[in-house]
Structures are given as C-alpha cells and as structure tokens.
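Both complexes below contain chain A, partnered by chain B and then by chain C.
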Partner chain A sequence: MTEAPNGRAEAAGMPPGAPSGEYLLETRGLKMHFPIKAGVFKRTVGHVKAVDGVDLQVRQGETLGLVGESGCGKSTLARLILRLLEPTDGEVIFGGENILRYDRKQMLRVRRDMQIIFQDPYASLNPRMTVGNIIAEPLKTHGVGGSGAGERKRRVQELLEIVGLNPEHYNRYPHEFSGGQRQRIGVARAVALNPKLIICDEPVSALDVSIQAQVVNLLQDLQKEFGLTYVFIAHDLSVVKHISDRVAVMYLGKIAEISDRKGLYAEPRHPYTNALLSAIPVPDPEKERARRRVVLAGDVPSPANPPSGCVFHTRCPRAREYCKQHVPPLIPQDKDDGAEIGGKPDHRASCFFPVLEGQPINQRAEGTPYRVSDA
Partner chain B sequence: MLEVNNLKTHFKTQDGVVKAVDGVSFSLEPGETLGIVGESGSGKSVTALSLMQLNPSPPVSYPEGEILFEGQDLLKASEGRMQKIRGNDIAMIFQDPMTSLNPVFTVGDQIMEAIRIHQQVSKGEAKKRAIQVLRDVGIANPERRVDEYPHQYSGGMRQRAMIAMGLSCNPKVLIADEPTTALDVTIQAQILELMVDLQEKYGTAIVMITHDLGVVAQLADKVMVMYAGRAVEQGPTDDVFYDPMMPYTWSLLRSIPRLDTAGEVRLLPIKGTPPSLIFLPEGCNFNPRCPFVKDECLRIDPALERKKPGHSAACILSPEELENKKHRVDQELGVEG
Partner chain C sequence: MTEREIAAGGTQAGLEPSPAALGDEHGKVEGRTQREIIWRRFKRHKLAMVGGVVLLLLFLAALAAPALAPYEYDEIDYTAINQGPNASHPMGADNLGRDELTRVLYGGRVSLLVGLSVGVFSTLLGAVVGIVAGYYGRFVDVGAMGFVDFMLTLPFLPVLLVLGKIYQFTAITIAAAVALLVWMPIARLVRGQVLSVRNQEYVQAAHAIGVSGPRTMLRHIFPNVVGVMVVQATLITGEAILIESALSFLGLGIQPPTPSWGNMLEDARTTMTTQWWLTYFPGLMIVVTVLCVNFLGDGLRDALDPKAVE
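On to the complex of A and B.
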C-alpha cells in the first residue's frame, strides 16, 4: 500500500498553475459569526463577524494567496474550509461536493485530501512525541502507509528526506530542532497522506529572514513534484506575491479584491489594496526615496461592530456618502476598452469607485459608481 | 555626538561566556539615522541595551570598549548619571508595546513620570506636556486619551504612546528596537512616517534596529549588518544595498522576496542556522553558511576592513572575486543586472 510519493502528481496530471474548468475548492457565501455572550445568563448580545460572506474558487494545482491584516478573518476562513469550525452559513465545496453535509465518516475520508501547516512551529508539534511519531500519526489515523511499524517507519523516513531532514533523526524530539527544521517537520506531516490541498497558515511568519527562503522554496518544490494545491495565508504581501498564482485581499471578513498575481500587483483597483501595497517597504534605497505612500488613517474597525455600507469607508481616502449606505459587491474589473486585466477575466474588487489607471488615490472619488448595474 | 568604539558585551552563563556583542563600533550625528540589521540572536538588541546601560548585571560585563556620548564614556558613568541621561538625552522605544507599558497606570501617568523625573515642572504642567506629545504622535482626542489605560488603546496607538513617551523630553538620540515588527503594515507605515516627521522637526538622531531590510532602505542614512555578535558590514545605505561586500548581506538580500520582483526570481536560501554564540565556528563565523566559502575561510577570522571609502566589510574575498561569484549565482537565480 505504500504509495510512491509522486503518485498524486501523475494522477493529477496537470502542471502547477494550469487553469482547468473545474475548481478543487469553492466557498459560497461562507460566514462565521461568533456570538458575544454577556451577563449572568450568558445571553448573546452581539456577533463578531469574523468571516462575512466569502466566495472563493481555487483551481487544481494553483496557489491562492490570502492576505490581510490581523483580525481580517483569514485564519478563521482557513479553519472553516477544513471544517475545524462549523460556519454560520454558506457552503464549502471540495472536489465537487459540499463537505458541510458530510457525516463524521465521510469527513474523515475527505480530511486525507486536505491538510494544514500552522504558523508557529513551536506550538504545533507535540513536545512529548518523537518526530517519527508526529509524522506517522496521520498515517495511523487513516490506516495508510503500510500496516506494520516497519513499513510505516520507512515511509516516515522517506518523508523526512523529501523535506530535507536527516532520516536518521526519526527518534528525536521537536526541541532538538531549530525553527526552520520544525517547520519542515510540519510540512512532512502535511504531505504524509498525499493530500490534494494544503492550507498554509502563515507558514514562514515566525521564522528568521534567512530561514524563510528555505521553507518557501521547499513548498514550491513539493508543489511541482506532487501537483499540490495551496491556499497560502500570510500578512506579508511580498511572500504572497512570490508564491501565489492568484491573490485574494481580505478586509474585515470580506474579500476586498481578488485577481491573478499580475493584475493585482500591477493594477490594484481597490483603494485598500493600493494602500497595502504602498505601505510595504522595498529593500532598494533609490526606489524607496522615489515612492509616494498612501498612508491610511486610523485602525481597522472592530468586526463586532463593522461600519455600514462598504466596511472600508471609515479609512478610505476615496469614500463618498454613497459608500456609507451601500454594500459593494465583488465587481469584475477590466480596462476601459473592455480588455481584460492581466489577460485573465477574473479580476474583481468590491469597490464602487475603484482606482483606475492614472487616478489619484488620495482624493475623493468622482463620477458614478463603477458598473454596479451589470454586476 | 554618539561614538561607540569596540564595544564588547559578554554574559557569563553556566555553559560559558556568551559574546553577545563582540567588538562593535559606530558613530552617530544629530539628525542621522543608523539602521542595525540582523537576525534574532545577532546582538542588535543587546547593543541597544548596552547604550542605555540596561543589561542585567551581574551576568553582563563589558570587558572592552567605550560608548562616548558627547565626549563622556557611558560605560564608566555612575548609575545616578545614567538615570539623568536615560529618557532625557537617550530614549528607547521597545518592540512590544503591550509588555513595555505598565497596565495599572494610565498612559498619561507614564508619560508624566518621564517628564517629571527629568524636569522641574508641576503636575499640571507635566500633564499639559503629555497631552501635547500625544497630539504630536497623532492620537486623536488626547485630552481624553491621556487618562486612559494601555488596554484601552489599540496596538498602533500603544506604539504611538511609546514613541510619545520616548520623545517627551526631546532626546538627542532615539533608539528604536523593532518598533513596528508587531504591527500591521498599514500601521507600520503610519509609525515610520511619524518618526521621520518628528526627526525632521527636532533633529533627533535615530538608531533603528530591525530585521526588515525594507524599513532600513526606507529610513536609514547608514547601515550596520550584524552577525553572531559582530558588525560584518557597515557603510552608507546605498553602498551596502547596491554593492554588498559581505556574502551574508548579499545572501540576505537574495533570500527575501521583494515586492518589486517577487515571483520572477527564485529565492536563494541561506543554508543552516545562525551559530551558537558560545561555540562559534573556526575561522569566519559565517563560513558554514556562506555560498562563496573557500579553504582559507575555515582558518582566517576576517576583521572588519575598509573596502571603499566609508564602506567596510568582514570578508577575505577581494572585491573582484566577490563580484564574479555574485554574478554567477545571480545568473542561476534569474536576477537581472
């Protein structure tokens, strides 16, 4: 039963990033409202709208980057996709089926195909288990990778080698490894079952700068080798740009903008995306001196009490009265002459007054709301 | 104004002497910004704490070196003298505003404390000044906010409050130890912009400690790169970024994805991990991880030497040798230029 590590790649038969008609993963109107309880009787007095109506599509073999500031709901969304949290509303469609309707047994089966790599390599590995047992656990749970201990050990050692660790270190404990090596153990555990989808929840944020590249390159190599699909969550837009085929920007539980990488970074339409991109310093002194920043005023509002209309209007330099009263849908964006941005038709932004080419970002928007009628 | 010569900060531990800072020199003029870059454990924070004389003693010792502030050696100054300098002439902003503000005092109280220690002013006057500095750092409604506790502030506001406290006595030198690392990028942009504005207004000299090369490129006039307790490269920001003379600096620049080129080139990982400060490698400290290592590197421990006017690096490779090797790897990675 020991599957060759590259069995999946052949089965998938698709180069990474190649678009296919079918989505591996889709979310429809996904919502997670956590109740706020207060008083003696713990009555619900409000809701934290951590994720508030998210529609996402992830193609087989691609990497979807998910960026946003702390508290925007990106980690909650990850947990909803894996059904580690039961959403308040919406659907999670994986491989064509709504997994929210699955019972325990069906869920266990589908979990073989969806794995997660956590942010903190110190907290996500049990300090009392050997590395061998940590990586073997998913194999045991799902009864794969050989029945006997010997066979399973061989599989674990093979996995250690795949992620660039010494297979002889099978019997060591997590504390004997450095941060970067621990994250490799987390990666080995995630790929152990040959999953189709791996959710990477800030996998390099806790690592030193010189180590980050090791893990990023490893994830890229594994994707190529095994035809993996990633949802890559990070707050660092540079890392996301490096690894993603498409990128979604989240703000207060909603998607602000989603596009293929080229379109989003070259022609950001949502004012929030513009501000995020301009806030990131580039390690190039001359470029830095030439840059004009869009500095947003204030902080992210509380998701327990989000602003009316467009949730970004309180910080948006372009916001008008209209934005306070109407909720913008995700509107398809294209160039004025009808050509598609970045050559792909799926650049969308939830803004009534998107930043079109050559427009100043720091001024109140003018004109009529963008394409609202045909959205 | 501030001159550090061959500073050594060592800690005695059960396992041996940790040479956290081992021979670091730099100088700082009014209105100038020095960026100190390095990974965790490279000694950048200990350097900052040494300037403030805030390293815990006994384990700390300063076997060599001097820290000259306006001609006076701070390593020899009495504790009483240091208390007069700390906060008044040299102030420090810490990384984590949650743990460095006292939760049981109002933000106003904590700013007023700094003011009243250093200046003979009444409580009412101190409060007026506290409100003024809070307004300077961009906190809305400072009259009300001054009486609030740290938990009532958001993360960005707490960091603003820390900066307000640091600036309350108009220091000549401001040491900022990873002031924006815990913050979101849009808030980071606010805080960095604020620091630049205040520097222009008051002519404060800033020591900016960070691991983010982008922040250094944005703010610093000159850079010091630290590795394993030593300065391995020092020079004007442009020189260090465009023509790094130490393979470590160069590797760092190639190992991070940059917003302007990300996705087009493959990252160059630096193999291995930073060394233990107790058991340093033979020869050059960086040799186990260096992409350009030669046999001599295993024996010779290079000193920081001048490669160009104002630009020094600790590497035995000649500039031509280095240039060739950099070029070859760049071609493999797909980097242009």
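On to the complex of A and C.
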C-alpha cells in the first residue's frame, strides 16, 4: 500500500495480517424481485424490485454502514444476506462460499457465524418467553454453551452481564424492560454464539437519542472485544458516520455510492449522496442558517416500475438524456486513489456525471460521461 | 437513576408488581419456574378459580353419581309422576316418575365427557392444522385450507346421522364424531393469527438462529395464538353439549333411558310451561358448565400471557 495523499487509505486500510482481497462477506448481483399478484387466478402482473443487483464487499472486522431512505431495500438486503428471504438472483458469499447453495444442514452451521439485530426492540423479542430463554435459544439450537441447564444458565447470565444488564433478571419477561434494555437483550442473543458477522438492521432507529448512544457504544465495545464485523443499516447519517469504517448509500434497490467514511462524507460524488448529506442538520445555529440544502424534486419512484437507465435520473438535478438510456455501473472515482481493495479503488459511485469538487450540484452536468475505463 | 433502575422501579411502582419483581423483593428469583409463575398468576384470577372448582365438583358429582344419587336413573315411581321439587325429589320428577336429581347427576357423565373432550380435541386439531398451514404457507396452506373448506361444506347433521346409523353412538364416539366435524373454524381462526405472528421479528430472529420449523411453531407461534384458541375451546365446549342433545332428540345420541343433560332438555320441551323444573335443572347445569369453562378459559389465557394486567 502506497502513501495516500488524502489519508483515505488509512481509514480504508486492511486489518493487519488480513489477506488482501479476502472478504468475510460478499454479495454479487443480488436481486430480490417480489412478484405482484392480481386477479382471480393470482397471475403475476409485475415485480417489486426491492433489491436490484447489489454488489457489496465486507471485510473482516470492519463496520459497513448502509444508508438510504425508507423502502430503498436496506432491510430486504439484510434479510437476503441471512437467507431469511431467498433472493431471485445473485450470490451471497460468506467465508469464501456461496451460501445460497447450502442445504439445511450446512446453513445451520453458517448461522452460528452470522446473526442479526432488529430494529424494533418490542417486536423482536417473543413476549411469551423469558429473557433467559430468549438468550438461551441460540445456545440450545446449536448445542453450545454447556449441556446442562445449569451451565447454560451461567452462560446466559454472563451474556446479560456483557451487554450491561442485571444477570439476576434472566427470569423476567421482555415487557418488563425499557426499549434500550430490550435492545441489549437482542444484542445478547446475537452475540451468544460468538458470530463473525452481525447485521444490525436499524438497531437504534427506534430508540431515544440518549439511549441510542449507549447502544451504539455497546456495539462498538463488543466489536473490539470479539472482533465482530458489522453491516450497520440506518437512515441516520450521523450515527452511521460515527460507527462505520465504510459507508454504502442505497437508492431504489441499488448501491448509489460506496466509500470509506471520510471519502463519502467529505467528498460525496453521487448527486443523491450530496442531497442526503446536505440534509444533515448542524448543531450550530449560525452554521445551520448558512447550510445550503440540495432539495430533490418529487418522490422516490415506485420500485415496481423503476426508471430506465440511471434509477436516479427522474430526480437528479444533473441528469441528461444520456442518463435515461444508460445504466451506470459502480464507477471508481479516484484515478490516483492509493487505496486499493482487492485491486479496486475504494470510492465508487454509480453516476456518469459525478459531482467533482467545486462543481455546482443544482445544475445540469456537462462534459462526457464518466466511465469505468476513465478511472 | 440508571436505565436499569428506572425499569425495575417501573415494574415495582406499577399497579401491581409482577411475579418476577415480587421474587426480587424476597431475594429468590432462582427458585421460581415458569410453571410456578403461570400458576401464581392463574390463582389470582378469582373467577377462573371459582370456575375451576365448580367444574371439578361437577365432575366429581358425575363420577360419584351411583353413590350420590338417591334413586336409580331409570327407577320409575308412579306416585311421583310430574311432581315438582319436594323433600323426596329435590329437583322434582319427570312424566315417568323418575327422580330429576338422579338423572341430572347421571346426565352429567355424558354431557361433561362430550362437552369437554370435544372442546379439547377439536381445538387441538384445529390449532395444529391452522398453525402448520399458516406457518408453512404456499402449497401446505392451500392444501390444508382446501381440506378445511371441504369439511365445512359437509352438512353437519346428515353426516352425523349416517355415522350414527353405521355405528351405535356412545358418549365417546359422539365426542369423536363431533370433534371431527367442528374443528374447521378454529383452524381458520388460528391460521389467520399465525399469518400475522409469523411475520413478527422474533420469528425471523428464530430463523436467523437456525431454530427448526417444528420448534419455532411450538415455542414462538403456538404461545402467541393460544389466546384465540382458549376462547374458541370454551365456545365449542358449550356447543358440543347442545349438539349431543340435538342428536339425542333425533334419536341418535345417547339412547333413553340413559340420561344426558341434552336429551333431558329435549324431552322436557313440550312441558316447559307446566313442569318448569324439567327444563330448568338440566338447562342450569349446561349454563353453569359453559360459564365455568369460559371463566377457566379467561383465566388460562391471562395466566399464559405475561403482559396481562393482573
């Protein structure tokens, strides 16, 4: 790795000793098209393209933030990775193997290594089970954490302690806890099997702001302690900025832009990312007043009938005729970017006319379309 | 105050402390099992306890009918014909001079057996079909619900009439036949409930952990649809007692002179205005039984629901 002029390489750097080009998790062309059925005979009249060709790479030990508006396919993507939904097309490569080809038995083994934390701490815990039983369930299912009930109880209490709850409360029901505490229970359940990867599906969105910080800190502590890898889904850009090593922005089932954190927040290239970032309020009244927002026109198009070409062209202030006819791939953004992951530059955006430094955003783009070969 | 203290204080400062919180105060959370918690909560439900006790007494009385009854159920006393309640016949006597109290005691044997076993078995059958159909969905659902619809189209009484002609009905065969003909609405209700529970995040969490299908249904789905089931079971119990009486009326149920509350009620139809005691007592027993089952069901549902207000 060469010295990077902008310091980006450091943030995007591999954990020491990790083999180059090796990902813990990779998705290739992942698609989920939900059929729309209508009429008496339940004929399929169309598809909701919730996730439409997503390529993601997640390295061991990092946190990949995944942001996007409601309905852009973030949660569907999470469920596809865990095979809670069967994708229409594509591959999910975990630990070097395509787990979509796994049979039930192989899948069970992989589930020990990948877990999920859900958004709603009220819906994600079975109201009829005690907290102890909820946390013991993964242990029982996989036959770990001791064979006897006594041993398992000790492990459950240990887990409660790890996530900052009173171990004596294992016999209580979820409704006896507050939202933040319930989310901690969800975290305890997720880490019970010592997984490698945890998908956090908006784990703090439903929580009070002060509690959000506690849970985020807990997640970071656990990451340090157990070497966890996170895919952290959120729509709160500040939380994602705080926790992520790299960030991917989704729009209408596709990745709009992906970069290391600094690169994305400092130098957003995709017009959509620019618009998103300009919406973050600044906690300083004077700066807040001076903040210039990029307001997008219209609504997100229906994923059942996504626009042709670049899916963002209907709302993009920079869009040109070219954008309506051609689908932009994820184009590397830095010709001179020293940071290479598996031989590819780290900052990529699916835009033909990316917003370069100093360029106006609210204006139709000029020049020739950016191409993969340009990078 | 930390978050933890707030939550703990919340449960303790609430209207009534939860069992777990109570356990804390006494410093022995350890010893209390799930079953004990449910039992404690059930005991607090006064009406359910009363219902359970009354039902138990009815059961014992029916079982001990030969010992308790002052007469034989088919003993005819010509001098007592159509007598109202009096010292020697506390519930009066019917148009053949048989003692009504004796017949009510014996009748309970048939009616309670039929009512309760139909209530239990049809609910279990309906729940299993409903849960499996709702959980697996797709062709399992289509197949199971198709079968339910088919069963629903069977005309209830004609089928029982045919069965009754082929097999001589006893209390047990009546219960089995009725249970096999009334479980379908429960299956549909439970299925509907399962469809919503199945999409809850805790079920997805179970999938993510790798919990097997049958175990998910048992541990996650079933406990969350049990409320609907219990209510249905209590309704069906009452219905079954009445169905048995309808069968008796058509001459297919329990044959005279063996009494059941149902056939006693049917026999007394024509004399309802003149000999009120002949409809009153068997009718009262049916009402009391159904009420008790209802209270019991209520208590059970609440005891199984950790969130229920105590």
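Note that the second predicted complex is superposed on the first by the 340 of 375 C-alpha atoms of A that agree within 3 Å, B and C clash if a C-alpha of one lies under 4 Å from a C-alpha of the other, contacts with A are read in each partner's own complex, and residues count from 1 in each chain.
Simple rule for what comes next: contacts are C-beta pairs under 8 Å (C-beta built on N, C-alpha and C of every residue); 3 or more make two chains touch, one makes a residue touch a chain.
All values derive from a computational prediction rather than experimental measurement.
**Q** On the A-aligned overlay, A:107 touches which partner chain: chain B = first, chain C = second, or both, or neither?
**A** A:107 contacts chain C only, not chain B.
**Q** Which partner does A:275 contact after superposing on A: first (chain B), second (chain C), both, neither?
**A** A:275 sits against chain B, while chain C stays out of touch.
**Q** Using the touch definition from the top, say if A:209 reaches chain B (first), chain C (second), both or neither.
**A** In the superposed model, A:209 contacts chain B only, not chain C.
**Q** In the superposed arrangement, which partner chain does A:123 touch: chain B (first), chain C (second), both, or neither?
**A** In the superposition, A:123 touches chain C alone.
**Q** Touch test for A:115: chain B only (first), chain C only (second), both, or neither?
**A** second
**Q** Examine A:178 and indicate which partner it touches, taking first as chain B and second as chain C; both and neither are also allowed.
**A** In the superposition, A:178 touches chain B and chain C alike.
**Q** Once chain A of both complexes is superposed, is A:296 in touch with chain B (first), chain C (second), both, or neither?
**A** first
**Q** Can A:97 be said to touch chain B (first), chain C (second), both, or neither?
**A** It touches nothing on chain B or chain C.
**Q** Hey, what residues of chain A end up touching chain B and chain C alike?
**A** 178, 180-181, 211, 214
**Q** So in the complex, the part of chain A that touches chain C is made up of which residues?
**A** Residue list for chain A touching chain C: 79, 82, 84, 107-108, 111-112, 114-116, 118-120, 123-130, 137-138, 141-142, 165-166, 168-169, 171-173, 175-178, 180-181, 186, 189, 193, 211, 214.
**Q** Inside the complex, what are the residues of chain B that reach chain A?
**A** 39-40, 154-157, 184-190, 192-193, 211-218, 237-238, 241-242, 251-253, 255-260, 262-263, 266-271, 273-274, 289
**Q** Using the touch rule from the top, collect the residues of chain A that touch chain B in their complex.
**A** The touching residues are 69-70, 178, 180-181, 208-214, 216-217, 235, 237-239, 241-244, 261, 265, 275-288, 293, 295-296, 299-300.
**Q** So in the complex, the part of chain C that touches chain A is made up of which residues?
**A** Residue list for chain C touching chain A: 3-4, 6-8, 10-11, 18, 20-21, 23-24, 29, 32, 34, 200-202, 204-212, 215, 219-220, 223-224, 304-307.
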